[in-house]
């Protein structure tokens, strides 16, 4: 993991599922945030990224870690709709909040994907308790290593908080 | 596997992919036919039935075995479209012929699914060289057993042909 | 699968497990025989070949297919003993007959392995109902294809038997 | 994970592999130690615990985490020998230090297993940088959760060290 000095950009969403209000990163300071970008018609997302996001959601305490799914529709625009995602969420029993990335009139890459300069799906972003991006991965991510990185972020930030409180 | 005396009913299709003309079972006499029903928004289909159908397609000689995919849309009608299936086929690199089951104005169960009295997806039907249904399974099917059944059907029918030629 | 005109050589065994008497291929005419060679200290055997042999044993009717395990000790002679295999069989709950290949005073390759010219473990040999070798594979074997080959052998030989009876 | 106030007991070993000297926990203060108990003739160890220990060894920096394998021979004493373990380590390409638990003349449970009151194999113990046991699990352990716990321990202890240095 690397250190950065810019805050993670906010998620721009067309709509949200599994939450009664839009999530703002600025409102999640103090928590580690896992931003998991995927597409329902992307095989590596369905076999890897999406179930991994669900596992993260089930493994960590909500007081420590927030998982946000992002449907980054950058291909097959004519096939995708909110109804497809809704059915997918139901069939795969996903419980974490999921946003549909805001479409971009200027091109195929939606706004959040563009802001984060994601290379495709699945992509995974770890944001620390201070709001900084600490990991940005494209493709498959190993569970053991990812667990270690999230676990370290939960502890490290608590340490920083203690330091700043001194 | 059991013996039946009624011909497998024809597939009624709204449209076809991966073939330049509709497939008729009556035109496939002499071949073993594997009819694999699935839905792109059904998790057990995506993880099990669909890749298994592709493996069958890649394992057996086209002169012996024909694989037909059937998108049996019996739920999430508002989410599904031909464009969704087209993108799915492309992303999952499916090569075998796939039909969209003919919608039924009388209810949610499409025509082919109803004819075969399928209980859901994934469903798998084995049709022998004579055109008779020999296996009809709902849910996960073991590769080893399925291979044995298909392998037996290819041999058995050849024996019948030899018998009838004698 | 290929056709051969020499009978599969008999298994030469130091000792047997899961059977109260040694198995002779000549006594198994009329059945398809799966000879699965492995070693308990060979990772691909433990992860692949051995559980596959157990699956074959559980999938096919004993009246059609006989599975014979062969512990082909061609390496780690100082580590292996009958007690190791006995504990392994118990822990992995193997139910099919297993022979320890007869050690060879002339070198590290035991007698059955040498007779069959096996290249290592796991190796798999399919013997048809007439007693002829029809497949000989080294390394991982796909379940679907293997099932098809065994299934075809069970049917094919029955056909031959019918022919010869006519 | 829980907090304890007793130091993890030292490993009592009959012999060691993959290290040129015995490892003492007292000499590993400042590092997180993963103690992974297994048996080469225990199926869940071979399929789960052992490859997981190897993954931990490959994932974390040696300066942060030390992995110690423990062959806790509590059954099949007549089948096991140092030669069996040596061949196993070679075949499975294990690189982390592994001890054979010291046999116990008073009974089947070897000394280290008894000291830690392990219930069987595989068992996994996490020891923090201070030398305290923080997790003790029997059976399969999820990679994501385990990664998080190890990751947290590496950070937490560093924090403690900074605190004590202040």
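Order as written gives the chain letters A, B, C and D; numbering starts at 1 within each chain.
Heads up, the rule we're going with is that a contact is a pair of C-beta atoms (placed from the backbone, for glycine too) under 8 Å apart; a residue touches a chain by one contact, two chains touch by 3 or more.
On a predicted model such as this, the values are computed, not experimentally measured, just so you know.
Asks: Measuring between Cα centroids, what's the chain most distant from chain A?
Replies: Farthest from chain A by mean C-alpha position: C.
Asks: Could you let me know which interface, C-D or B-C, is made of more C-beta pairs in contact?
Replies: Answer to which pair has more contacts is B-C.
Asks: Taking all residue numbers at the chain A/chain D interface, are over half used by both copies (same) or under half (different)?
Replies: same
Asks: How many Å are there between the centre of chain A and the centre of chain C, using C-alpha atoms for each centre?
Replies: 50
Asks: In whole angstrom, how far does the Cα centroid of chain C sit from the Cα centroid of chain D?
Replies: Their C-alpha centroids are separated by 38 Å.
Asks: What residues in chain D touch two or more of the other chains?
Replies: In chain D, no residue touches two or more other chains.
Asks: Could you run through all the chain pairs that touch each other?
Replies: All chain pairs meeting the touch criterion are A-B, A-D, B-C, C-D.
Asks: Show me the residue ranges of chain C that touch chain D in the complex, using the header's touch definition.
Replies: 40-43, 46-47, 75-76, 78-81, 83-84, 86-88, 91-92
Asks: Where on chain C does chain B make contact in their complex?
Replies: Those in contact with chain B are residues 52, 55-56, 59-60, 142-152, 154-156, 158-159, 162.
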